[in-house]
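This is the structure I want to talk about, given as structure tokens.
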Amino acid sequence: MNKDTLFKWLTALLAFIILLLGIGILVKLLISSRLSFDVFGFKFIFSREWDPVQRLFGALPFIWGTFVSATLALIIALPISIGIAIFLSELAPIWMRQPVSFIIELLAAIPSVIYGLWGLFVLAPVMQQWVEPLLGKYLGFLPFFKGYPLGVGMLTGGIIIAIMIIPTISSISREVLSAVPQHQKEAALSIGMTRWEAIWRVMLPYGRSGIAGAIILGYGRALGETMAITMVIGNTPSISVSLFDPAYTIASVIANEFTEATDELYISSLIELGLILFFITFTLNVIARFMLWRMKRFEEVR
Amino acid sequence: MMQYTRRKLVQKVMFSFSVASAFIGISVLFLILGYVIYKGVWGINIDFFTKLPTPVGVAGGGMVNALIGSFYLVGLASLFSIPIGILIGVYLSEFGRGPFASAVRFISESLTGIPSIVMGIFAYSVVVIPMGRFSALAGTFALSLLMLPIIVKSTEELLKMVPNDLREASLALGIPRRKTIIRIVLSTAKSGIITGIMLAIARVGGEAAPLLFTAFGNSYINWRPDQPIASLPVQLYVYAISPYEDWHQKAWAVALVLMGIVLITNIVARLYARKK
Amino acid sequence: MQERNRESEVRSQKSKETKIITDGLNAWFGRNQALKNINMSVKQNEVTAIIGPSGCGKSTFVRCLNRLHEEIIGARCEGRVIFDGKNIYDPDVDPVLIRRRIGMVFQKPNPFPAMTVYENVVAGLILEGRMKRSELDKAVEKYLMLAALWDEVKDKLYQSGASLSGGQQQRLCIARALAVEPEVILFDEPTSALDPISTAKIEELIQDLKKEYTIVIVTHNMQQAARVSGYTGFFLLGELIEFDRTNKIFTNPSNKLTEDYITGRFG
């Protein structure tokens, strides 16, 4: 075999490692959560019970907490991210665009634990003393803003994650908006649209599959976020409508209890939670990549 | 005309919101940076970089164990994942056609979206369980898993940007394919690949989740791969959620050092990329 | 057809008023001056053609007429464009309202791909508040008819605007421009991306449209200018070299450069 072929096969062999890893993670998680699945079956997903002493494990409060916190984060982050994307691609003077996007993207570089630290000692007290009492006072008729303001809880968790996913969504959306051809914008303006209408009715719809990809990618990140949320969500496996109440997410319970878990069923249940998280984020990622890919192809066709 | 006044008002409101969003993003960053610096700067001194942590309530001490641990873990993880990642990137960009390459690309992309805590579980079950204890090796393994797909992706993208003429010119001179790739293609994309690597390092250097139950932690300096090892992010987490005011103070100092390292790496990498 | 055209020409001759006057119009892209001191007029209910080699500023010129030029980053212009007696560059003039009265059709067909054929036509109409569905239906039919597209797309109204053929897309864009009922329509090389049959359809359409609209058409195709226009302006390197009646320009130009160009000696 000549050396060139050898080199090719060497790189191919290494590439095979990635394949093995991907399959390996799935298989290993499946095997390790087998015990929990054998004991609880599908009831695991629907059970609210989480009691290590009684050896009763149910995932529902964590699934709830994961989805609610991530959805809340998305609701907060989405308008701000799109706002930033519009600012950077349409409104800001040219000299300002690069530095501002550089700064916004730095938000993504700050380690999650530091967000957690800041959330715990700065944001949570502010939420407890100012924001939550005010929300309770003026919007307390809504079930979401009832209860005692604790500072740590779903709302604070959602806000912290929102800050963390803003750079993801805004930077992809900015790229998507910048990729909208000038002729589309001009066509919109030429029929008497205002600049805002051109953005809202023509440019954003033009890049809709790219924006959707950005949103799903951000949502996936929010679902899997661990350290920051663990430090501010309150870590209580309960299901409550009020956003002031503490909650728990899949990633947080794994982070918190994995090292304490000595019982095999306990560990297996935590790993099954990890498997659920794996499935959810994996699926979302596939969808997001597909959306972004479709947009790119669409662009090439045009 | 009434309608038009309303449309202009909508535009004004929306554009103001857009400007405000950018303002919010920027101020949140500076709020966090500023607060970490303000709270952390008091804890930074020579001891921080040279001494071991002291027990609760005892003043002084440092974080040298976590500092060394972080460099150890990230360094070792880089040692594995950089060469392998680059070569896989080479495969995907230079030879990668057909279903196998697509599968590799797909899995690699998907791995970047898997939460780091799940990688921690995987490292736990394939390294910690067989070894019977937490170890630096397990931590290294978890971090490598996070780094690898990032490096693969950035390498592949950068190599694809190298113009084909360059490859053809080199091959036409009779230079063998592997040498063309290594000497011409890789070296052309060198600065971009370095940026990608630095970004990957900055990214995993701040990770605590995958280390919690792999590298675990250690109050002492450890150089042995089969022993638990401390790291800045985990130390920060442990100190932050502890009930001791003393430790909270120290957590801010750790945060400042960690943030400094991670952000400077990130900024240098991106400025370097832009200069080229 | 020929007969009718001539008739309408005679009719419009009498009532021919000047719709747009440019007075000392200069335009720049960054530091590059694209237009130098253009003084020209556009007659009402007439087709005015702008010809010249590529890069001569003819597109820039029409884009200054509906204030679209300024939407390009780094682009600006100076001078006056008097439209119905009012300078559209006066500070109290809103470009959005100007663009509603001066529509545009672009070189590349650019329907909105996220909208259906139907939505494309009414895209400009629905901005001014809610209209009844039946009114919209009527408008869609009317303007697609006017753009000579109705028969071809009446069964495809709810497909994406991007699903039509190139020539159909361009006529859809014309319908979209017509639907906001402008007084002037600017055509910026509307047929350069189209096949000969589609080109013929659009030229015919332009002839029909001039009865109700004032038309300015930029073209790199001199035969096209000769076929469709009553007046022609010849641009070269950002300057207006000659402006006159089309038959004068093509049979007996007064400027040597114009003569060189129309006889094919350069460009």
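Just so it is clear, A, B and C label the chains in written order, and each chain counts residues from 1 on its own.
Criterion: a contact is a pair of C-beta atoms (placed from the backbone, for glycine too) under 8 Å apart; a residue touches a chain by one contact, two chains touch by 3 or more.
All values derive from a computational prediction rather than experimental measurement.
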Please identify the chain lying most centrally, where each chain is represented by the average of its Cα atoms. A
Name the chain pair with more contacting C-beta pairs, choosing from A-C and A-B. A-B
With centres defined as the mean of C-alpha atoms, identify the chain lying farthest from chain C. B
If you average the CA atoms of chain B and of chain C, how far apart do the two points sit, in angstrom? 54
Averaging only over C-alpha atoms, locate the centres of chain A and chain C and give their separation in whole Å. 48
Quick check: how many Å separate the C-alpha centres of chain A and chain B? 18
Multi-chain contact residues (two or more partners), chain A: 194, 197
By residue number and range, which residues of chain B touch two or more other chains? 7
Shared interface positions of chain C, touching two or more other chains: 96-97, 127
Listed in rising order, the residues of chain A that touch chain C in the complex are 94, 181-194, 197, 201-202, 205-206, 208, 302
Using the touch rule from the top, collect the residues of chain C that touch chain B in their complex. 96-97, 127-129
For chain C, which residues are in contact with chain A within the complex? 66, 68, 71-74, 96-97, 99-100, 103-104, 106, 108, 110-115, 123-124, 127, 173, 176-177, 179-180
Per the contact definition, I'd like the list of chain A residues that touch chain B in the complex. 3-4, 7-8, 10-12, 14-19, 21-25, 28-29, 32, 79-84, 86-88, 91-92, 100, 102-104, 106-107, 109-118, 120-122, 163, 166-167, 170, 194-197, 200, 217, 220-221, 223-227, 231, 251, 254-255, 258-259, 270-271, 274, 277-278, 281-282, 284-286, 288-289
Partner chain C, residues of chain B touching it in the complex: 3-4, 7
